[in-house]
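In the two complexes that follow, subunit A is the common piece, with subunit B as its partner first and subunit C second.
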Partner chain A sequence: MLTFDQTLQQLILLASEHFKVPASQLNPDDDFFKKLGINSLQTLDLLTKLESHFNVELPDYELQGVSDFRTLAERIQSRL
Partner chain B sequence: MTLFDGKTLSWKLTGQVLELALHHQPCNEIGFATLEELENFAEHLKDQASEARVLIIHSQLPAGFSAGADLRETYRLLQSLTSAERAAGVRNFLERIHGVYNSIDALPLITVAAVHGVVFGGGFELALTCDMIVADRSARFCFPELRLGLIPGFGGIPRLKRDLGNSFVRDLLFTGRSISAAKAATVGLVSQLVGQGEALRVARGVAAQIIKVDSTATTMAKRFIKRIPYEELQQEIDLFCELFNRPVVEAALRKFVESSDVQPYLP
Partner chain C sequence: MKHAAPDLSPYQCLGEALGEALDKWQNQVALIEADRDRENCRLTYSDFQRSALSIAHVLQRAGFKEADRGAIIMSNQSKWLIGAYAVFYCGGVLVPVDHKLSASEHLPLLAHAKVKLLIVEYPLWRLLTQAAGFKELAVPTVIVTEAPRDLDLSNSWRWEECRDSAEPRFVPRRRQDIASIVYSSGTGGRPKGCMLTHENYLEQCQALMAWYPFCPGVRYLSILPTNHAIDFMVGFVGPFVCGATVVHLRTLRPEYVKEAFSRYKITYVSVVPMVLKALESGLRARFKALPMHRRWWLDRLVALNRGLTRNKPNPTLSRRLLPQIHQAFGGELLAMITGGAFVEPSTLQFFYDLGIPVANGYGLTEAGTAITVNDLKPFRADTVGKPLPGVEIKLVNCDA
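And now, the complex of A and B:
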């Protein structure tokens, strides 16, 4: 099973590749909505990518109010 | 051969395959314009049924298959109607959309929904009228209606119950969460899970295979295994109407319409 740090690292790499933002510009406590500039459709798309990559189910209500990579990684970690 | 090219949708017949393409920006929201053209399509189907063997329903828009009922149009209409007019208006709309969806559900043709992206609410319900759903990996399915103080009103609950286990149906309804195409495939909602952008191509392959099979056997098998839950569908309309004319629904619709949230379907 992945450690929390590995989950966080993979999450940032995934976001970086998917939204074409250099990973070096993404920090764990960044607001990813602002940093990646994603809209509602892209949010759903990101959710699908995360579920597929980590092989977990992430009910969107669990992600409500989550806007930084670190908290998102915690939610993912709790489902691994 | 394109047979109809409307404002919200078009259809064409290629050999024995009829394709209904949705193309109403931004994501095939279903309001009066779409309803009218769907009614035209349902009328057309009565003549076309003898020529076509398979119907494929898909979206030409990148955002997805359909975001469901046009809530912005619904909210605008609410503002201009009295309480009695609202009640009559919503019942009339639902009776009409049920008329179309029931026609598609009961077609002797084999029907395939080829979906991607957003498959929400009334769009999800349209997919559920089809005999099978081919989904690309980007598809997400959701019934957000309970979060608006409503239930799905285009036949969603009876058709979902027909196809899936009750526990999962209740989970989808009561939480309003969206599920991925991969999850939908594991619970049996999606028959074929395909790569991004491949749903229509795969659906055409399914159609080509179905055409090879004897049409009488296909039609009779469909009639045998796919019952239309008419009584429950009517009950759904009644329940929806009972819930609709409440201040909590108007407030939820207003919140949705005015929201700039990235997850506007969440409460």
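And now, the complex of A and C:
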């Protein structure tokens, strides 16, 4: 099973590739809406990609209020 | 489907109007809640009433009384509406809070509204309890939904355990009493609490249902947050007083929303302009990818549909001319409702030409939500429509 740090790193890399933002510019505590410049629809797109990559189901309602990479990685980790 | 606008003039308050509807439509399906491809629940009006009265009695036992304020912070789901009706049944004032705000934004709103009750989904409750300032929050009754079974909620109550078969006491309110406090920031700035009376809602509902009547058999897909005044009206009060069905999705992933249109044969849906634009872009991209001869036929059929529906929508005809497009929307969609931001006329025209009218409207929460709506008689892409029945409008500083 992935460690939390691995999950976080992979999450940032996936977001970076998907939204064409250099990974070096993304930090765990960044607000991903602002840093990736995405809206709520694009976030859903990212979540679908994350589910497929980590092979987990991430219910929208469990991610309410989550806006930084670290917390998102925690939610993923808890479902691995 | 037989459409008839309800007469809400005999009612004094939302609790009364909704209560009579629950009695009247007992065996009709009131709510369907789905999570991806799973159906969580399907409640008849009778089931809904039983659940809500159980919560209402628990609230009354906890001391929640007339004019007390009860906040809801939840995404769209059945418990939102059940909790709201329980608050109205107790004569309370509903404070629907935007679940998309952060916990640090929720706390000042709850304090400002001086709520005596909070009904909240567990993921949001967890964030609230972790936020700075949580300890200063003084809410006597907190009900948490979907909390993990083994979790100690200390002084909060678990929704799933709020069962009470005793009959609560209905607390009537007058038309001029406050029914809800809706925090709205309009296009920007600090949220202000808009105080809306029972009369505001009853009149608004009557006016909207006169133009877009719901009835048993109509299925409304509730996508806009229910805390927002539009969904509160067309995704709760309106369908309920007319015996229609509200469909909630626990996910808004496009693939599942698309599937829900077909599975539940959706009749109406409200969407924000951004979603409308995304739908348009997706359809245009698909049309563009068609082989040339199919594209040629599609363009001719769309033009024919436009010509034949110039004066008024004709869903049956449009579905025959453009079956694949209508099937993608479930095959029974009558209209989409939009508002809250500018919509390009070309977008509205695009959907109308496909036989899917978009009822574009304009309004503001503090004025009772919808002020104008396009009544499609005939459709016009360049307007937010006419004032609703009973609404007076004054244009001020038009050239400013």
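One rule holds for everything that comes next: the second predicted complex is superposed on the first by the 80 of 80 C-alpha atoms of A that agree within 3 Å, B and C clash if a C-alpha of one lies under 4 Å from a C-alpha of the other, contacts with A are read in each partner's own complex, and residues count from 1 in each chain.
The rule we apply is simple: a contact is a pair of C-beta atoms (placed from the backbone, for glycine too) under 8 Å apart; a residue touches a chain by one contact, two chains touch by 3 or more.
Here the structure is a predicted model, which is why all the values come from computation and not from measurement.
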{"item": "Subunit B versus subunit C as contact partner of A:F4, first or second or both or neither", "value": "neither"}
{"item": "Partner chain in contact with A:F19 - subunit B first, subunit C second, else both or neither", "value": "neither"}
{"item": "Touched partner set for A:F33, first subunit B, second subunit C, both or neither", "value": "first"}
{"item": "Touching partner for A:S52 - first (subunit B), second (subunit C), both, neither", "value": "first"}
{"item": "Contacts of A:D60 with subunit B and subunit C, given as first, second, both or neither", "value": "both"}
{"item": "Contact residues of subunit A, present in both the subunit B and the subunit C interface", "value": "39-41, 44, 47-48, 57, 59-61, 64"}
{"item": "Footprint of subunit B on subunit A - complex, ascending", "value": "33, 38-41, 43-45, 47-48, 51-52, 57, 59-61, 64"}
{"item": "Of all residues in subunit A, those that touch subunit C in their complex", "value": "39-41, 44, 47-48, 57, 59-65, 67"}
{"item": "Sites on subunit C touched by subunit A in the complex", "value": "35-36, 75, 77, 99-100, 102-103, 121, 123-124, 127, 146, 250-255, 274-275, 278"}
{"item": "Residue numbers on subunit B that touch subunit A, as the complex places them", "value": "27, 63-64, 117-118, 137-138, 140, 175-183, 261-264, 266"}
